[in-house]
Amino acid sequence: MEVQSDLGATLATLLGLAWLIPLGSFAAILFFGPKMGPHGRNAAWVATSAIGASFALSLIALGTWMVSHPPAAVEHASAQHQSAQPDDHSPWSPPRDGGSVSATFARFAADASAGESHAAGESRHGHSAHATGGDAPTKPAYSGDWYSLYSSPTLVLSIGWYIDSLTVLLFVMVTFIATCTHVYAVGYMQNELHDITDHEVTLASGGHLHRPGRYPRFFQGLSLFCFSMLGIVIAGNLAMVFVFWELVGICSWFLIGFSFERTSASTAANKAFIVNRVGDVGLLIGLMALWGSLGTLHFGNTVTVHADGQQVVRPGLFSLVRPGEHGHALQVPDGMVVAAASDRVASIAAGNSAEEAAAEVAAEVPEWRAMGMGSWLLVVAGLGIFCGCMGKSAQVPLHVWLPDAMEGPTPVSALVHSATMVAAGVYLTGRCSPLFTPDVLMVIAYVGAITLLLAATIALVCTDIKRVLAYSTVSQLGYMMLALGVGGWVAGLFHLVTHAFFKSLLFLCSGSVIHACHTNDMRRMGGLLKKMPYTGWTMLVGCLAIIGAGVPFVIGFSGSYSKDSILAQALVFQRINPSHAVLWYAAAGGTALTAFSMFRLWFMTFVGEPRDEHVAEHVHESPAVMTVPLVVLSVMAVIAGWSLGPLGVATLLEQARPLGTADGLTGGGLLTAAVTVPAEAASHAEDIHFLVTVTAFATAAAGVLLAAAFYAWRLVNPAAIAALLRPAHTFLEHGWYFDEICDWMFVKPTYGIAALASANDRRIIDPIVHFFAWASRQLAAGDAWMDRVVVDGLVNVLASATWATGLRLRAIQTGHLRQYVMFIVVGTVAIFLLASIMFGTMVAGP
Amino acid sequence: MSSSVASLLPVLAAAEGGLNWQGFLFLLFAVLACSLAVAVVVADNVVRMSFYLVLSLGSTAGLFFLAGAEFVGAMQLMIYVGGTLVLLVFGVMLTAQEPFVAIKTPVRDKLLAGLVGGALLAVLLQAAVSGPAWSGSTAEGGNAVASSSGQPSATPLGMALLGVRVDGDVASGEQSPADGQVRSGYLLPFEIVSVHLLVVLVGAAYLARSKRRKSSGGQGGGASTGGMR
Amino acid sequence: MSQVIDDDPRIIEFDVRTDEMLVNMGPQHPSTHGVLRLVLRTDGEVVSEVEPHIGYLHRCAEKIGENISARQFIPYTDRMDYLAGMNMNLGWSLAVEKLMRLQVTEKARHLRVLIAELGRIASHLVGMGAYGLDLGTFSPFLYAFREREKILNLFEEACGARLTYSYITVGGLTADLPPGWLGRCEAFLNEFEPIIREYHALLTTNAIFVKRTGGIGVLSPEMAINYGCSGPVLRGSGVDQDMRRDGEPIYTAMYDGYAFEVAVMKDGTYPRDRAYPAVPADAVLGDCWHRFFVRMLEVVQSMELIRQAIDRYSACTGSLGEPVKIAEKIPAGDVYLETECPKGQMGFYLIGNGTPKPWRVRARSSSFSNLSVLPELCHGCLIADVPAIVGSLDIVMGEIDR
Amino acid sequence: MAEYLIQTMGLPGWLTWSLLAVLSAVLILNLMAGGALVFIWAERKVSARIQDRLGPTRTGGRFGWLQSLADGIKLLAKEDLMPERADKMLFRVAPYVSFCASFAAFIGLPFAFDMVALRLNVGVFYVVAVLGLEVFGVILAGYASASKWSLFGAMREAAQVVSYEVPLGMCIVVPVMLAGTMDLVTIAEKQSGWFTNWYLFHDPFTFVVFWVYTTCAVASVNRAPFDLAEAESELVAGFHTEYSGLRWSFFYMAEYSSMFLVSGLAAILFLGGWNGPVPIASLLGLSEGSGESTGAFVRLLGLANFLGKATLGVLFMMWIRWTLPRLRIDQVMTTCLKYCTPIAAVMFAGAMTWLWVFPGGC
Amino acid sequence: MNLLFDPVGVSHYLVVGAILFTTGLVCMVVKRNALGVLMGIELVLNGANVNFVAFGSPVLRGEQASILGLDGQLIALFVILLAAAEAAVALAITLNFYNNYSTVDVDRADDLKG
């Protein structure tokens, strides 16, 4: 499907460099950080220029990509005709025209094929990719290995790359936002340049903690963080993804716990780390399922050219799960089937030689597959991978770490919650979506929906400015997951990209506010717009972007495009699967909640009278090094969703769409009733588009107006409403009591088990050990006696004899240099004489 | 004049008759070198000793030139005479205080040394003259230096130090490596010596480094060595 | 390389145990500026102690002064600082005039300024040239002397002598200027002015010169004041004091109406800093380089004063006035007056008892005080620094030994 | 020449060699003595001109060109003083050691093609080695004088010369490496042709090396600003404080001949030796080997070239001396160890790299 | 055979080497001054060098190949280098010795006597 080519090598080099430069910066700061200028001041510029260089390289890569694969409108939907007939035995099949697909969908497809809508279907001009499956559709993607760590027939561990337009796009996005964040952090972290007295940490002595600044350390963490994230994006196989997955985790641990002396920070860091581990266990299980049955973790095919010129293609995950000869439709791979039918394989192997057995097994596989064998393995793999993504992307119930992660410095929050860590989960879900069965997709969709509603409701009542944003992040991530779950592959990832821009903008703005106010509490802010115009207006842009504001049908902020496409996909899904209508309502309702919470934040912060004079009088606009990134990001938050003719994020993403996913998917049954995941092209239909746009605008407007009524115009007293709905308010304030549940379910029982183990240790194991120790002592005492009397005695006799001899010989050692020389001379002459006497000749002449 | 000198000391007689410059210069340098070496032994004053030593070594360099080893000769002048002896003179100067310039040796020691030295000399001389093949140059008279300057010795030396032997055919006859041994270059010894020199210099600098001494209170700070650290 | 001597006297640096050497520098040494004898206690090249021995040029000048009349003492003052005889004459004359409450005419006053400042230039030229000599460069010495000769020519025209002038005297000056003198003086100033740039190129900014003088013999302002240093030595340490401005009224009145700025470093800059080479990075305030530089600045300063004096003198119409009689009686009473000589503050003390001869005469010479810091400055320096430091103090033995 | 004598005059070989040896020795001695006279006179005139003076004007005619001779005669006539506590033997020998070292170095120095007393294939090495012996005379003089000032001078000289031999040697190795031989004659021959063939202009590194060599050469012959061993303002007259008369003049001669020697060495190593900036002879179609008279003409032309370059070098040193103040001993050592040596080492490596990158020259 | 009546050959050099060697040894034995001992060592090494050069000299043997060939000169070179190194260290030792004992008399340094 994809093999290395010149373009691939170029991209791999460019992106590989962009990936490694932050590592270099990390190493440089790690070793020489404190020496970089006073207090390591220049470390910031090292890190910033490193990530800036990465950004530049990524841009070049993007340009290279666009030149080679211009994202023009394509004769979409033709892929459907080209795709081979699905295997009848497969439990999942792409919906066929007029088949199981409902009439509605058929109409959408027909509309879509009229060619007036956005790009859809397969991109067919991936001229560079060598097609391995004859006329089979291809998508431009390149993969390869830089370095193989370990290689065996059943496992290849390597450092490799898998590059398609998604990779390139995410590189640009990540490095761009990271660059902005770095620049911003240069200003934000100024106070780390000198010694810091941390008033939030009280020492045992009663004083406050006084520590040296950790300026270089911060940028060192940021660099490593960027490196790890880029590693996930560029990774060519799941093993590598896992490595960098964990690196991202550890980086977040470093950075969230930057002020690790604070209990809250270290706890938050630990929480983030541990909760992520929970998800990672799932990921590991998923990887095991894939590796154990398929023997590879590579995304793409690996082509090995042997010395005799023979090419050996080792299929990667994508082509195993969606083989080209099968029209890229999802089917249970042979390996999984065999693994599931191990008892039958064993019985075949028992009676035949190896070759015969292999042939027989191969012959039996389609039959077994038809029996549904092994499909559970694929579901497990998908669920496992998604489990990992839940941890990283903070999906319910693993979302608990993210709000606490606000303990980290704001630039870290901005990076973690927009471009890097949480994006990793969505990215991996997107990357692996060809592997997901409808059951898994349903799980994803529901988890996403729950998450988005839950987080959005909590965000309504939070008073900590960063927590509001954090919950809004969780909510938006829910949107993305929902989109991916209901088949909106492009929509979900599109939202990932646009969200990255405006969420980082929002976080940096909030950081600017916090920097100025020295508090996170929105109840002490208000009326800051005059004092911080840049921050205020850019934050307004961010809020408008996140609620998807815009002039309907004309133009809008970036969020409006991505969110509309998510809603559209949800709506299509609802129409095809009416029983899952709740997903659509959740998505639509979430818009209003988001709008309310975001504008609640903005109004409380920037509008009205200052609530706390003490805070307000010290407020000032942040320095340019902080505001410039804000302005840059706000521009991006506006325009990121626009497309210039065929050029746009969505079309680029369309190029990266995994093979076979354009057609939608029907099936299920293991976990849910059979569902049909509609093709994404269907959501571009005119009426859907209209309905969605109106809904989104209306809900968002409602949210904004409500917020304005509460907080700007003060028509309603929020406190009164809170009192009125006291139980609900409390419930939300406690974040649906998730932390308490966790504590009750996991932490308390763990303590109990630990106490039990400790008692066991003391009462039973220790006495046994003590007994053995006592016995050893007794033995040693006997041995010591032997040593003293027998062995030492012998040695002493020898020694005293030597001593006596030495005493006699020492008289020769006069210590006089000249005498020694004399001895030498006399000795030489003596040897000569002796030689001449013995051999009868003077020297050894000729 | 030539005949008279030649009859006086036939060692000066060249193969083709007339005064042999090689012989003359050899005699000159040899006598100078030996007598100055003896002067080193006899002299009491250290500075004079070093002065004689310099001249003796210089004369030896002359002998090297005569023997066709120009590079070695120049090296002798440069390193031995130039470097080593300046170093030595430094040391002499630093310690050249009245009581130490001349430290008298007991006569008994001198006699004993003369005796032992004489014995050694006898042995060595016997060895030197007992090898018939070692004597008797067949050089074609004339100026040895002039005749040798035709065949540069510095280049093969340098090549040898770099590990390449270009004089393989020089060794012929019975001394040739008949047993199949190939004469190897001196790259390894060269490197060893260079490292050795470096180590020695560091070591010397360490030994003679300036030390901080805390002499215990007394203002003299002189004889006590206990406070060294 | 100035050795930093550790505070703890028990810790000493040593390479090889060496004995201290006592070395005599002078009184017949090329760079001791006359008959100064320095006994150096050295450890190799490092000087640990310097002891100046003086008195080789003692001529009982002060005692002689008690046996002759005040005006007769003028030629003896010439021979104190024989490089700036005019200024010595002035100092003594003013002291006597102060005792006699005498006021010289306006014309004489301006002529005195003119002559004294010329004398200052001549003295500083010698100091500069000889300093180059001390540092091992010969040419600047001759360049300096070339210009000094021109000044001496002017002096010769005015008073007939080239070294021991006895020109300025009690009650005025011995003679008025010959016709055309002022023109020649101005011509000299005009041709001398660009030459100063050469001196800066050859010495002040020369890298070797800076290396040899910068940071060497650093004299702190406190030490300078404690030792009673004066003149360029004091100002080179950044102490803003100049008798022409801060002295007694009878002396400062002489410079009344003259515009000049004391050449001393203030807030890291010298007056009119931009016209001259920048202070090199190696130089530390109070080191040899600064002392030297202050002298160079004073040359320029004196040139300006001379130009002003020429204008004022030629504007004066009255007579020069007559000096007092040789055997004029001086009133009873004592007087002490310090004037700003090229080497520093030269003070004369005399007690009159109503006879022409003073009852007591004492001189306080600046070189003496300036020399007294030498042991402090040379502590731990190298032998080569000793001439550099001595030269920078610019002493004249005739003034010290008297 | 030897063959000429043997064949045409029929002289026996030994006599020929003796005659030639004596001839060479006399020539070189005369050159040293005469050169010293000329250079001392030149120094007087040069310094005088630099200092706006006239210098000697009367002795021996218009330009005082016999002044040095007159001084020499005066020195001859001076009383031969020796400090009472001096080490008599060493005190007497020291000037001659210095002088002989300088003299012996001249043996290996070619003045023009084939105009060399003894053509050695390790010529450069020999000259440098022998020149380094000059320091012995100084040290011995300083020690034997029994004067503290002299001892100071001697110690300074020893430290300085030993240190400066390192960068000097490194600088010399560069042209040796370019030429691939240590034979001075060959080195000079390799630079024949236009002046662009001079090793000075061979590559940027050699250009720098030349100036490092100049610095080190000035230092190694004890000229200002490195004349620490004499340093009249500090050490009275350094190592020759106690010398007077003829012995003193030997030191003087040794100094001036050493100056000439290092200048000549510079001329051969960097400035094309006896090859003029414009190859007049070869433009005219002449060469050393072409016939008796033209060959002699070409050689004389080369001799003039060489002497001119060497004299220019000496004049350069004089110019430096009368312009700059003297460095301090620690600054002298710093200059050597912290600047000259590393620069020379880097330039050496650079020249080597250059040779490696552009094997055919550039 | 008589050296005086032979043309200069290897033997002559060997004789010179022997004399230098012996003188050096005697010097080492006789001198109480550490520097004298050092000079004795230099003489000894020099005597050995004469032998090496003689054995390696092509001139002294005429057409006959020399015994050591180039090796003789090379060994001599190494000896010279090592002698320089030795002198440096020995001098440093001497200076240290002088620092510790205030003398350069080697007879005073008998702390290691048995």
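General remarks:
In order of appearance the chains are A, B, C, D and E, and numbering begins at 1 in each one.
Everything below uses one rule, namely that a contact is a pair of C-beta atoms (placed from the backbone, for glycine too) under 8 Å apart; a residue touches a chain by one contact, two chains touch by 3 or more.
Here the structure is a predicted model, which means the values were calculated and not measured.
Of all chains, the one whose mean C-alpha position sits at the greatest distance from that of chain B is A. Legend note: the chain whose CA centroid lies nearest the centroid of all displayed protein CA atoms is D. The interface carrying the most C-beta pairs in contact is the one between chains B-E.
Comparing the CA-atom centres of all chains against that of chain D, the greatest distance is found for A. Remark: chain D and chain E have CA centroids separated by 32 Å (rounded to whole angstrom).
Chain A and chain B have CA centres that are 76 Å apart.
Chain centres here are Cα means. That of chain A falls 81 Å from that of chain C. Here the spacing of chain C and chain E, counted between their Cα centres, is 64 Å. Along chain D, residues 155 each make contact with two or more other chains. Contact of a single residue of chain C with at least two other chains is seen at positions 14, 16-17.
Annotation for chain E: residues touching 2 or more other chains are 25, 29-32, 95, 98-99, 102. The part of chain E that touches chain B in the complex is made up of residues 1, 3-27, 29-33, 35-36, 38-40, 42-43, 46, 49-50, 53-54, 56-67, 69-74, 76-78, 80-89, 91-96, 98-100, 102-105. Of all residues in chain C, those touching chain D in their complex are 1, 21, 23, 29-31, 44-45, 132-139, 142-143, 146, 202-203, 206, 208-209, 211-212, 382-387. Residues 47, 50-53, 148-149, 152, 155-156, 224-225, 227-228, 231-236, 322-331 of chain D are the ones that touch chain C when the two sit in their complex. Contact residues on chain D toward chain B in their complex (touch as defined above): 12-15, 17-18, 87, 89-90, 93, 118-122, 125-126, 128-130, 132-133, 135-136, 139-140, 143-144, 151, 154-155, 158, 161-162, 165, 181-183.
Chain B contributes residues 2, 14, 16, 18-21, 45, 47-48, 51, 54, 58, 70-71, 74-75, 77-78, 81-83, 85-87, 89-90, 93, 96, 141-143, 145, 149, 152-155 to its touches with chain D in the complex.
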